[in-house]
Amino acid sequence: MDFANLDFERKKRTGFPEVVFCQGKNDSFLVDIYKKLYERDGSVFGTRATEHQYELVKAELPNAQYDNVSRILKVPGKDDSVELVGNIAVVTAGTADIPVAEEASLTAEYFGSKVTRVYDVGVSGIHRVLENRNKIENANCVVAVAGMEGALASVLGGIVSKPIIAVPTSVGYGANLGGISALLTMINSCANGISVVNIDNGYGAGYIATQINRLAVGSSIEK
Amino acid sequence: MDFANLDFERKKRTGFPEVVFCQGKNDSFLVDIYKKLYERDGSVFGTRATEHQYELVKAELPNAQYDNVSRILKVPGKDDSVELVGNIAVVTAGTADIPVAEEASLTAEYFGSKVTRVYDVGVSGIHRVLENRNKIENANCVVAVAGMEGALASVLGGIVSKPIIAVPTSVGYGANLGGISALLTMINSCANGISVVNIDNGYGAGYIATQINRLAVGSSIEK
Amino acid sequence: MDFANLDFERKKRTGFPEVVFCQGKNDSFLVDIYKKLYERDGSVFGTRATEHQYELVKAELPNAQYDNVSRILKVPGKDDSVELVGNIAVVTAGTADIPVAEEASLTAEYFGSKVTRVYDVGVSGIHRVLENRNKIENANCVVAVAGMEGALASVLGGIVSKPIIAVPTSVGYGANLGGISALLTMINSCANGISVVNIDNGYGAGYIATQINRLAVGSSIEK
Amino acid sequence: MDFANLDFERKKRTGFPEVVFCQGKNDSFLVDIYKKLYERDGSVFGTRATEHQYELVKAELPNAQYDNVSRILKVPGKDDSVELVGNIAVVTAGTADIPVAEEASLTAEYFGSKVTRVYDVGVSGIHRVLENRNKIENANCVVAVAGMEGALASVLGGIVSKPIIAVPTSVGYGANLGGISALLTMINSCANGISVVNIDNGYGAGYIATQINRLAVGSSIEK
Amino acid sequence: MDFANLDFERKKRTGFPEVVFCQGKNDSFLVDIYKKLYERDGSVFGTRATEHQYELVKAELPNAQYDNVSRILKVPGKDDSVELVGNIAVVTAGTADIPVAEEASLTAEYFGSKVTRVYDVGVSGIHRVLENRNKIENANCVVAVAGMEGALASVLGGIVSKPIIAVPTSVGYGANLGGISALLTMINSCANGISVVNIDNGYGAGYIATQINRLAVGSSIEK
Amino acid sequence: MDFANLDFERKKRTGFPEVVFCQGKNDSFLVDIYKKLYERDGSVFGTRATEHQYELVKAELPNAQYDNVSRILKVPGKDDSVELVGNIAVVTAGTADIPVAEEASLTAEYFGSKVTRVYDVGVSGIHRVLENRNKIENANCVVAVAGMEGALASVLGGIVSKPIIAVPTSVGYGANLGGISALLTMINSCANGISVVNIDNGYGAGYIATQINRLAVGSSIEK
Amino acid sequence: MDFANLDFERKKRTGFPEVVFCQGKNDSFLVDIYKKLYERDGSVFGTRATEHQYELVKAELPNAQYDNVSRILKVPGKDDSVELVGNIAVVTAGTADIPVAEEASLTAEYFGSKVTRVYDVGVSGIHRVLENRNKIENANCVVAVAGMEGALASVLGGIVSKPIIAVPTSVGYGANLGGISALLTMINSCANGISVVNIDNGYGAGYIATQINRLAVGSSIEK
Amino acid sequence: MDFANLDFERKKRTGFPEVVFCQGKNDSFLVDIYKKLYERDGSVFGTRATEHQYELVKAELPNAQYDNVSRILKVPGKDDSVELVGNIAVVTAGTADIPVAEEASLTAEYFGSKVTRVYDVGVSGIHRVLENRNKIENANCVVAVAGMEGALASVLGGIVSKPIIAVPTSVGYGANLGGISALLTMINSCANGISVVNIDNGYGAGYIATQINRLAVGSSIEK
């Protein structure tokens, strides 16, 4: 832990605790971070973890939990039973986008937001998203997760009035360019109210959606 | 006319007469081509012409006609009253896409196809395209013209059963990359039945739509 | 199967049954989908399957069949003996393009189209495609499959009068950019009548070719 | 006005009136739209207008107003004196980013939001943004406008807790790739809470910031 | 002339005299270079000149000649009647490629090579290039000039046995990416014997073709 | 062997026998091709082979030979002792470029050309290439093989008078973009006499170099 | 001047006075900045100015000076006669690169560095740079300015031991991609000691070269 | 060792010994180079080595040492106890950038420079870099190592006066484009004094930093 500059003031500064990006972290280094944060905060939340990383952390912190869809590796606190507030709609185009969507949903829930999941309602069967219009509109903000051509965000922008956080995914092949194509679609959307995060960045979308949700429910970060 | 190898057999080979791509053609060269083709075929059809090119051709061939939306420069034959057959739907996302759509529509009409225009029904107001669903489905094939993020093609792919020729346009700014972004959207569409032509290539789409329309109405090219 | 929104109306809406894109699907999830669709439709057709996925599906649905060239994993219905109609020419530049071509051919056959295969007739030996000109021209539409520089589509566009669905493949190396180079060649073709689908998208080309073939043989989707 | 499908339900559906994107619009077409919307709504707001377009509209609607920094062309209503609510911070890296920032600021004000401007506080003199930290933190959300390398968004993400709408601008030269470089910086930010809109899209940022600001002040769109 | 380091040894070193690239040269600087080289060598040859540059040079060197197709600005020597040797075929896909082809042809002739021009024989009418097969095969090497998708080079590679210098041109629009698309086609060609120069680089192709032609006719550079 | 259209006329048409591109070929298919060609021609030459492919071919054709630097898999004829003619210089920037260079050298030798190897003389130690200047100049043409920034081709262009075939390699990392960077360097060279083939395409360079070498030594392909 | 946040502490913080980037600045805004800085500092230095901007500034500050090669617009102080120290070599590949080189040279001189200019010594005539080897080696650092393929930096890296600041220029055409190609060459250089600034960024190179030169001559910024 | 042209004069010419780039080197070839250089120089330093390569070299040269963070494989000399001089600050944005930073730090130390490490002080917690301002300013030059959006370099450019060598890393995902995004950020920086090396090129940065550090401490390479 010589090198890592843990950011002890982050929660105070931003209202959000520090979260671990597990991907590519050295084994012993990862375990150290989990232990350090668990000692300090009483709980740890990490994204993009592998089964192997789960085994390593569990050996040290036996109540570690792993969700193999979202790849979230969590060590829950003694009392994590916070009441979830507000409402965020997380919507996906296809089933292949669900891992990224679950990263967003679980992140938002970890940060205290209530989440409404509306999955596999992509534009190739447009009736599916139209049928869920009210459900989505009722949320304070919308996370739109889509790969391939990413048209879902634009369609949502045309039917709901709430801010939309668009998450391009790397789902697809050929000219999808690993998600760049969906990203460009979302950035160029003719619909209003759409802003975009990095490819597959479910965590980032869950974070921003929570920021907006908190503003909507009036919960200040000091609470 | 030393250099140009006019393709006298094209109509016989493909069922379509030769068409002039006016853009960038040298003034005197353009006028020569129009005269030569008018002598040979009795009519001429050209795309991407400027007002200036219209003036030049009109000075030599006084019945030349220019449409300043589609930029088509035409010298009609003595009797151009062919009956239009079949049905092609030409659909645009916005009003800015209309010049490209009109290039497609007028091309298809010049080649003998009946055209149904459905303009300005982009996904930011999805009800507009849904209201026109039957009108579009009734056609033998669909030309979908859209710039910015180009999501229109995917939405159409989800609601109609006919082949869709998608035309990305250069309409937009910033990360639209001059139309590349819309092209990528259309190529990566999660909906079936969509194939794509070059950016702003209304002519190409009108040509292919006519090929398909002819197959549907049973008019072989030998007729 | 909580998440997947199977599209039960698709066949009615588009005239085509639902098809499974196997690539990247979770093992248990894939088997579930195959079983569900088999119960509902009496047959299942999936693309981009692996040997391993075949084993999994076969364990549950013993009459599953796998074609290791096209990678199609099919569970045929009790009576699949539909009469194939019309004619689609599927043409490849090289032998390495055959897997994509077979995906197109088998898809078109599954959807009821007769297919004429003309493989390995690329432009480096131009006589090979010229010798097959009539055979290709006799089809209602043409699927042109080519990697590397993808020039085959342009050459076909110059010698046949039927609509051409061009499929760029990822065959090649270096500056082929995983197929983007062939895609650009086909999108920019100087020949008429060419529209393009995604890299390696044999399925999409077989689908569109069938749409066109059906229009040509007069079989409406209601039949 | 034959072609344009004005979206009369937009305000009811989204809580925002229709806005005109003037760039590239045909002269007579633009004037028609301004007149039509003025008749219907009693006021018109347009972005990316030129001096020339201002002259044309003013000739028909004499109380038209033009702001030559933001390029906004507005025909105010008889009583536009709505009270501005909430608080949005609009921050720029340099002076060259101000036109885009003013597009965002004036848009937000038109939609009823109070705006705090913090301009020319780019990271090459980091003390400037640090000195304005509290002023920015006090807003409900932040619009971060920056060209060149666009690092401002990341720095803001590290010091404030509110959602940040990042607007890359085309300011710069060489490898800025017309703004793509700043867009990539913002999309890849290591800081949390940042989502991104298209290059130079001040209008889009002002729109989203208003959506968030409204949620924060509790004004529902039904009011 | 303080800054320019004229390369007085170039002819001795490479067998080719120095040539002026006129594009973007400052007016007075250009005239100085033409005068200096004319004094030294007795003749000057420049590429990419404008009409305006021609006027400037002609005012000082009255026997200057300008070709407005190739944009070559030449001041011929007193006795330029060298006998042209060997044979280079310069072939173009379309008429719009002729300016680049003429730059190649006139360059090759200036350097002493005989040139056979075969223009406007692109692949959309494949019979045109096939009819000229023997004419092209008879040359020592081939310069293939093509824009749009640039398929001409591959077709030539399949029918002739001589080395082909492929010149992509910027002719085209949309996804031609200013000639990058044609360049990629040529670089990825499935045919053998093709090497590629920069977009629109007719001069470079004429130079290399002359190097090869000289080797074939046995004229060493010392002669 | 149903699908493969072996090109029996190639040697007659181009003066070069057919060569096998082994990479990605199906095992049994590859062995079939080797056997078929061996029967027909008495020898086979293939590029980009793996050790595994060598084992497979050797099992059927015991005199198969494999070179693990160039990855060439060859079945020599009974009497391959042709006299090598002319002279081709094959030059590399670094040692990592040698596999591509050897593919070029062995190809050229297989086609009957004498080769002078000048390896590891890159520009970071410019004296190394200068010391070999005469050796390189003495060849009829030069193959310049370089990865990373690919500057070697330009330096050679400045010091020798012979045509240079530049081969960019994928050697390097980061912004080398898999060889695209070296390719761009070579295409944009300020030196004359340089034309470029695909990344890592040693075979193509050896082929073209032989075409030029044959022209220089006066051996026509009819002989 | 409401918006501009002039950076009054910059000189103290960095040892360099504030410099004006004139390109794209609004007329009245530019004149205001020049006046403000002249009042504060007694002299002003600006880059990328136009003749028109010079006229405007001269009208207010009559001793303004404009250099139309480097496009530097300077208002010298009463006593600018600082003694230039150390030694920086500024080297260009061609004459077209001189404007960028002069921006670097004049910037370095303005900041107090002595400059040795070595212009037009590109690699197509490698002897030119070799002849200047000692002159370049004698400097404390080297600014290498080159467009097209940008190979100059690598060659310099191989022959001198001093740090090289490489400046890619937008000189060239076609696949030079506006300078991106030269930038990639320089970033991927196989030679050591090379770091790179933005395309055409002569100012930036002159600045860094001065930082290094000051370190070498031991002048701390406090002096 | 036939092919490798070891550069025996490099140290004399540049003041730096030859260093081995291990990545991708053939096993036996690598061991040969290590042995040859050890014999000649008494010590060897190599970058980007694997554990496996370490085992191979250690078997022949038992005092070989491997650092698995930086991946440096070193065979120290008998007396490597040179006194480190001057001061270079090596700064990273995150912990994932440390391997590249250590490559830079160990390289600089190997070449005789004293290094101050300041790791994990990225802009998402801007206070961390501000707290280390004096420590960084005290160095003669700064190496700034950052992936993702790479904003660290710009922030450093705004707070220190010393030359900054920016090293983009491939750390990140999605639109980071393998480090291209960070590279573009650094190249386009609005701050002065920043020049850039290739993605992950810690070695190159350590080399240049040493060149500058030597100039600052007055140690000429002749010493």
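When the chains are written out, they are named A, B, C, D, E, F, G and H in that same order, and each has its own residue count from 1.
Quick note on the criterion: contacts are C-beta pairs under 8 Å (C-beta built on N, C-alpha and C of every residue); 3 or more make two chains touch, one makes a residue touch a chain.
The structure presented is a predicted model; accordingly, all values stated were derived computationally and were not measured.
Note on connectivity: the fewest steps through touching chains from chain B to chain D is 1.
Touching chain F and chain H together: G.
Between E-F and F-G, more contacting C-beta pairs join the chains of F-G. Between the CA-based centres of chain B and chain H the separation comes to 57 Å, rounded to the whole angstrom.
The centroid of the Cα atoms in chain A and the matching centroid in chain H are 36 Å apart.
The multi-chain contact residues of chain G, meaning those touching 2 or more other chains, are 124-125, 159, 174-176, 180, 183, 187-188, 192, 198. Here, these are the chain pairs in contact: A-B, A-C, A-D, A-H, B-C, B-D, B-E, C-E, C-F, D-G, D-H, E-F, E-G, F-G, F-H, G-H. Across the complex, chain G meets chain F through its residues 93-94, 122-126, 130, 148-151, 154-155, 157-159, 172, 174-177, 180-182, 184-192. On chain E, the positions that touch chain F within their shared complex are 13-16, 140-141, 159-163, 165-166, 183, 187-188, 192-198, 204-205, 207-208, 211-212, 215-216, 218, 221.
Considering their complex, residues 95-96, 98, 119-121, 124-125, 127-128, 171, 173-176 of chain A touch chain C. Only residues 3-5, 7, 9-10, 23-25, 29, 168, 170, 178-180, 183, 198-201 of chain C touch chain A when the two sit together in their complex.
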